[in-house]
């Protein structure tokens, strides 16, 4: 059982990061922003149970891309909601994205991010096996 | 034709009730909160046409659970949008929930509730028979 | 891991039962037909792991209805695909059906049953928690 | 309550018509084929209750196109499942198609048509108002 | 690549127009409101690339209805998100609406409009052909 | 415009390969089976336009897995329908699968494969940009 509303935001563009953090906060989530995929993966490996969703840029400063971060997140947590935010990586989503993810093309409205995260969380059916 | 934006909220936890009422109000809905399933069913039987959606907790103080309230609502109004809000009843949703409902696991963000109610309302296709 | 393709068919009308069994067999499934909800529940309680899906009539000869059988199946197996087959119980589906189920109105074509069972199985995402 | 499994097929290409009729028959439907939109509309106006679904070509010999036939069908029966079959009209679907329809691009496999009709029928929720 | 967040709003009722403009603005979109279908079509023909989505009333003052405006928008831009807002045209949606559109029945909550526009934008998969 | 009904099947288990080929053939598709990811990628690189869909096993004899083949296919053709067939790789799908793909857990019924391929083809909206 997750007991927080933490959303991990991975974004190295200051403006977009602020927009995402503010939008998610207004929606009632608790955004935690980092600027690189390496930081994001370290946090997830430390305790992925803390995070209810991931919102990540594609092109980041370090070695890891947003595609990498999302795969890592899903290896740790099979049903982690994933939202990609990108300016020009949209054509890679069909080959590099994970299933049941949403891609937002920049510029996007704050409401799109909140709706994306909310929709993915709301669609996550409680079907963990009883066995 | 429904002419109001009333959403019936059934919740006996004061904090969650306030959160739900505030979130729905900010989204432009008109929440009406009651604390028991018995009160909810009485209101629905009196005039279920008034309500556009139902958001209900599972474990309530009286005899009736949220599962019961939702079934009652759907018997009266076949296309009533239903959102369940629960801390520990998620495993019962696959057997006790009604079709085309959404279950929110507590804690949830206010935006999740607003998105859930909005999505269910928006998906309700106007296909009442012409005959 | 399920290792068979058994589909439990609950139907007391001989003609519909034969149609369902033949359709599922042609689709490559292994239908096992019983005529009452009591028999169906006994089989599920004995070993629900054997069954990949449930297809059930609503009005049955014994005490139990198809609504009851489906709830029982989902209590034992949270992600059991459920297809209802009914002549006149369709109006009860919104209040009595389980989430993510499909209702076929009689008469239905064999292809509808095969498509319904296949679609529900194919949509079952492999997201059982790794933890 | 529909009591037949009639699917109205509108197609003036002999080969495609035969393919559609055979595929639907094998799926257990009862295809009734006509070659023009005028004939199709006459049949629908006479008794649209008889038909469970419509599968129509776009470019037809008379004045009416498949887009016209589908609109006519939906005016008479709000929830009529509609499948378009076309070789080169796909780009018009976003502007000329009706909601909740499926477009098959020729050539298509017989299984695609059967799956399309079955899926649309299976998705038709029984939510005709009780009032 | 769209570089703005313009949403074209077509509405001749002052109250609904204001509600829509305010709701979309709060969601972070840039609504541009016009009162007739003729104005809307002129703007779209001039530069439809500017608009990320269309939200239109059905009954308008000029010759053109909202159904017409949406078809025009989709002819120019195949994947334009379309939201209809109507008091009494809902029964025409199954025959007159475009595929993958959403119809909001008046009165609707501001959150419904924002969720509708956001959901349609978020669902638009980036699958424009690479060829 | 695709002019064939070729489905590329990648499977090194003889029994499953035969089952897939027979099922797809009966559904009216034209299966072309290869046993390794290397062969599949060579065919796709040579002329990916020939193929309407990909159905691939995960664990293959060569260096490439089914996850690799699907990514390669989607890089060449953004909207290629992808079906994975696997006995024990299901837990990797959330992190290694591509968006809008379907995973079939072995054993699966022939009808599941045909329904999966048909559903993905039927859902592919014709929204390639007109510009």
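In this document, chain identifiers A, B, C, D, E and F correspond to the written order of the chains, with residue numbering beginning at 1 in each.
Here, a contact is a pair of C-beta atoms (placed from the backbone, for glycine too) under 8 Å apart; a residue touches a chain by one contact, two chains touch by 3 or more.
In UniProt terms, the chains line up like this: A, B, C, D, E, F = Response regulator.
These numbers were taken from a predicted model, which means no experiment stands behind them.
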Which angle of rotation, from 0 to 180°, maps the CA atoms of chain D (Response regulator) onto the equivalent atoms of chain E (Response regulator), to the nearest 5?
180
Pair in A-B, D-F or D-E that repeats B-C, with over half of contact pairs matching by residue number:
D-E
Using only Cα atoms to place each chain's centre, name the chain farthest from chain A (Response regulator).
D
Starting from the mean Cα coordinates of chain A (Response regulator) and chain C (Response regulator), work out the distance between those two points in Å.
37
Based only on mean CA positions, could you tell me how far chain C (Response regulator) sits from chain F (Response regulator) in angstrom?
28
For chain D (Response regulator), write out the residues touching at least two other chains, lowest number first.
78-79, 91, 93-94, 99-100, 114-115, 119, 125-128, 130
In the complex formed with chain B (Response regulator), which residues of chain C (Response regulator) make contact?
70-75, 78-79, 91, 93-101
So, in the complex, the side of chain F (Response regulator) touching chain C (Response regulator) is made of residues 23, 88, 90-91, 93-94, 102-105, 107-112, 114-116, 119
Which chain D (Response regulator) residues qualify as touching chain C (Response regulator) in the complex?
1-5, 26-29, 114-115, 117-119, 121-122, 125-128, 130
